[in-house]
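One structure coming up, written as structure tokens, with questions to follow.
Chains: A, B, C and D, in written order; residue numbering restarts at 1 for each.
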């Protein structure tokens, strides 16, 4: 209970008075000792761990106390329990990678009503339930660029497929929508998306789905796997099968996972933003919010430490930057 | 009409002094009572040691968070007492959630969605029940199958869509407290249902039948108990309650998705087992189960408040389960040792 | 208790100097408040069959389990060849050459009959593999010795109780044991099989095996055994040679008083038909069974083991489906396969397998007795515990049940007392037709007489009783009419005045007519 | 002796039924493969077959271990979590020390798995507590430990010795190692269970634990052994998982416990103990994995895949059951004709 109660509590809470100040003070200093919590989709997900660790490091720079808490299953319901806990602990800001944009909304609103700043990162929550969304890259940009990248490698010709995470994965679904849209452009008239498969971010399942795709569509030319688990499982399968060299795989992956397959030629290139930068930026934006530098309104600016200045875009979105493309000649420069 | 056979040694059996030490000790140290005591301990410790734990807000939230598990646990308790199990409950919950979403999306009124969904849930239960009673298949196997089937149907219904924006007055019903209490409406409903279930299970003929079926099915059948019909009823009930829990879940989170409640079945079963219900059937109390549900929920809440990581929470839950079955044996062993007769051997198989 | 067990030397008893193969000295065993054995001593000699007699709950099975290593004595000792030993588990006792047939069969339903016999000590071939051929051959050989036609490779599931008992016997024989302990091995057997068993046991005894034999059929004790030890309420009463004892002596030792008659048959007036069965058929089990039972009448259903009598009873009561035919109670036809309807019509069935069918073993006496009265014990929607307890106490007293507390689980009762609980459970429904399958299986003489008196009186009060029994004297002593089944068919109906051992057995074996 | 002959002929039928459990799975597999291959020839190509067997191998190993436990009327829900723990910890060791070889990895993995099995076995057999509760408990504990150790890290293929990776993808005479290992283990265990006295003990215990005690079977030791074995096999499966996927995070085989139990049940091992063979269980595992692959190849809408898998699972156990009931009826009639 108590997830969308916006009555009653407001007056009782001392911090409530500080909630939602009418205007931002861009020159306000970052407060010391801010209590900040990262709530990833799932603890133990290596990608999320990299992001959150970088965020926690960043908090040390501005003398905040940051921590990472979260469920071991990627479910919204567990995240909701954690939000409740974080409210009870009176954190100054909660950073969340939402498993379900709507399901976490009620409790997030309640947190906001108590003066807690909410920053969504990696995966957005519904717009009115958070102050800011730190987007790793513009969703549209990710979706379209993946198609472009694959098209370059297969000369914009042939059947392609997508190997996604779970059917309900918010990010992947958003990107896939843009990919489909991109494919309607005339330059891709010879490329045909034959199937979206779901590997559920599970090695074995992604493996089997890849096999199935290759058997079911013998003329398949390319696969886009916009998920780190999916792309590494697919790469591993292809590298050990007769399809190696015949099929082009790309998508989103971490360099450490993919290094072997880039080196052995299974994969030519794939993309990802720098997850450390994502955590770093999210951490600073939370601090800026909690210190009153910004309120989350469009056009406000803040400085994110070493990353420099960022401007808040439409709907409270801050975009980290363009995704980075990893290839054989640059992959060894990265370790994450 | 019964003949007079009371002549010889009439009082022999009755005159044996009742209530040796073991009985009362054993009764007191039953596991369900221990769970209750543990619960009180957690509560007391939490209130004293963790600011925020005993706040109305937090308790209300923690209770509400247990709502679905608690509801499903009611039906599951009766099933397990009757030596059956329903692993498909979480999938029925998911299917129900998906249906609520897609029907709402299609413009149906919530008032007509809810009964329909409950009927579908009952239908799911009926399928389980028919496979178990008509074909004589073990329910563990059947419901592993329907666990996949019903979850699959949820995806068929809703695919990758997520439906939100349910009418506020229903969301409020799923979320808000009964005025003047820290008890959310679904939990209040649970309390009422639990009272009914408790009476049914422990004080009515139906309840007696369940225990008899669980302990010795054939004997129950020979005593004129309609074993199959009762089991079928239980499965239907379990399906209907799971579907209703799906409605509550959907409204509480304001989000209908095909993957809602994945894995919830193990949480329910863990709570039922922690409450001291014997998985082999024929033994257990509803009070124990309720204490078990609350213990798991409040303990997790307390651990979370103290920033204990989810890994440790998992380990604590597991250990609790193990302790829940080990302790009664230890108590029994100690109890036996205290009695003049040190019985060294296992309970004999016969007379 | 001075020097029990050594009366004057009976015929064929071993020389004095040879110590007993297996002995108990001053053994006590208690379960909670129940003192199942109190300072009991017993000596088993090679080449001698020793009987153990006592009422239900006297402690016979407990003594057996102490010998078998299932229980460890609280005080006292087990002596093997005069040396104290400690059996920590059944395996230890088996190692020492003690083979035990427990009162209730202990089968592995999923294993083959042969494996049931040889489990844990299968004949080995090269590389310690199991030699199945030898195993089956040896099982067949055992069955031939016992004169039964059982297929060693058939799974044990679905064996009748009698067949299970025979497998148990084969298992014990296969051990070539020095001591053979048999706890009511004949309770489920009929005359032929008992005779075969006795021949085999006698042969074993002559080869020097020591035998401990328990039975509630006193004739069997007199036929097989040289010595008898009597227990009463867990205490030792006497150990003496069988020769020179009379039935009445033995009963007096067991019961502590004289018994007037075992078959107190009352004269009754026979009323209208209460149960009518017409051409009842269950394919592959029984065919065209037609008969009627009238009020006040006790009709016995006799036949060899496996003739299908219990199956008929189960079908009438509705536990099994029937394929054709009709069942009427008081003129009203019963629907097929509905025990509930049968009960509502006034039918009651005391089943033959009390552990599986008659009782919920883990539940208390009062719950078991209350189970058939869930509707009548109601006060409003809930069961009245007081009413339940009263009903249980009432019947416990009437049936002279021996128990500690009504809330004790029935599985701690002795076999005979369990049977009484089943009886109480069904009589408390105040039935108009009582079908009772093997009413006194495993019941001591005293109680047997009580059960018989009870049946008589019930009939006199207007109850129609259909009694299935493999105990021929019981059939002859109690029945107004005897129906005989053979291989699933009703082959004869013999009125009381013409029923003799001869006439019934002739019909049952199908030798004449 | 007419009864004996009747017995023998009826035994023929019974035997057939018992074998039919496996035969019916083989038939189901054949139909599935034939239909799929009919639609898409690639399914039966060399690569296609290799994939099917590779996919099934790990599940087969787990199913073999599980069936030994289930035959004793117990259950091991923790098997999946053991795979996860072993895959990660072994990978962690190897990544830290490149010098170690495959043998070390296998020994380490099996040892960790056996240790988990030992704990289960001790609790179940000496604590005399219900297996389902205990192993659900250890499932949570092992999973927690695994996550605690992993703490969000991941093992990458580059960190692992190439020999280990070759184990997961390499072949002998064109046959991949994994299925070879799985088949060898299955055959060995199947032979042991059928032909050795101690193997039969497992069936006896599952058939009637009380009777087993009275028959002098070392019940505790055997149950202990079953868990130890199941744990060790799960450990082996964990190492193979590592070698196959290269990239491992903490939740490898997460949630597999129910899948393994499904495989065992579909394979005709009775959940109530005492009945079934590891061959059946292995075939069950093969069938389950093949269904998943076939559905993809048949271009079934992914949203229908899970529902169809569930329905097929139900179909498999129902048909099996109906067959058994039918044969029982035939047997009864036969009995009637021959008399008893």
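FYI, a residue touches a chain if its C-beta (ideal position, glycine included) is under 8 Å from a C-beta of that chain, and two chains touch if they have at least 3 such contacts.
The UniProt protein names, listed by chain, are B = Autoinducer 2 import system permease protein LsrD; C = Monosaccharide ABC transporter ATP-binding protein, CUT2 family; D = Autoinducer 2 import system permease protein LsrC.
In this text the structure is predicted, and so the values were computed from the model without any measurement.
Q: Under the document's definition of touching, what chains do chain C and chain D have as common neighbours?
A: B
Q: So, what's the distance in Å between the C-alpha centres of chain C and chain A?
A: The computed centroid separation for chain A versus chain C comes out at 74 Å.
Q: Approximately how many whole Å separate the CA-defined centres of chain A and chain B?
A: 37
Q: Taking the mean of the CA coordinates per chain, how far is chain B from chain D in Å?
A: Comparing mean C-alpha positions, chain D is 29 Å from chain B.
Q: Which residues of chain A are in contact with two or more other chains?
A: 43, 72, 167
Q: Among the residues of chain C, pick out those that touch two or more other chains and give their numbers.
A: Only 70, 89, 102, 106 qualify.
Q: Using the touch rule from the top of the page, what residues of chain D touch 2 or more other chains?
A: In chain D, the residues touching two or more other chains are 143, 147, 210-211, 213-214, 270, 302-303.
Q: Let me know each pair of chains that touch one another.
A: Applying the touch criterion to every chain pair yields A-B, A-D, B-C, B-D, C-D.
Q: In the complex, go through chain A and note every residue touching chain D.
A: Residues in contact with chain D: 43-46, 48-49, 72, 167, 195-198, 202-205, 207-209, 211-216, 218, 229, 232-233, 236, 239-243, 256-257, 259-261.
Q: In the complex of these two chains, what residues of chain D are touching chain C?
A: 1-4, 7-8, 10-11, 14, 195-197, 200-201, 203-204, 206-208, 210-218, 270, 273-275, 332-336, 339-340
Q: Can you tell me which positions in chain C touch chain D when the two form their complex?
A: 68, 70, 89-91, 94-95, 100, 102, 106-111, 115, 119-122, 124, 128-130, 149-151, 153-155, 283-285, 306, 487-488
Q: Touching residues of chain A toward chain B in the complex: what are they?
A: By the definition above, chain A touches chain B via 1-5, 9, 43, 67, 69-73, 75-77, 80-82, 84-85, 87-89, 100-103, 105-106, 126, 166-168, 170, 173.
Q: Can you tell me which positions in chain B touch chain C when the two form their complex?
A: Residue positions touching the partner: 1-6, 8-14, 16-20, 22-23, 199, 203-205, 208-209, 211-212, 215-216, 218-226, 282-283, 339-345, 347-351.
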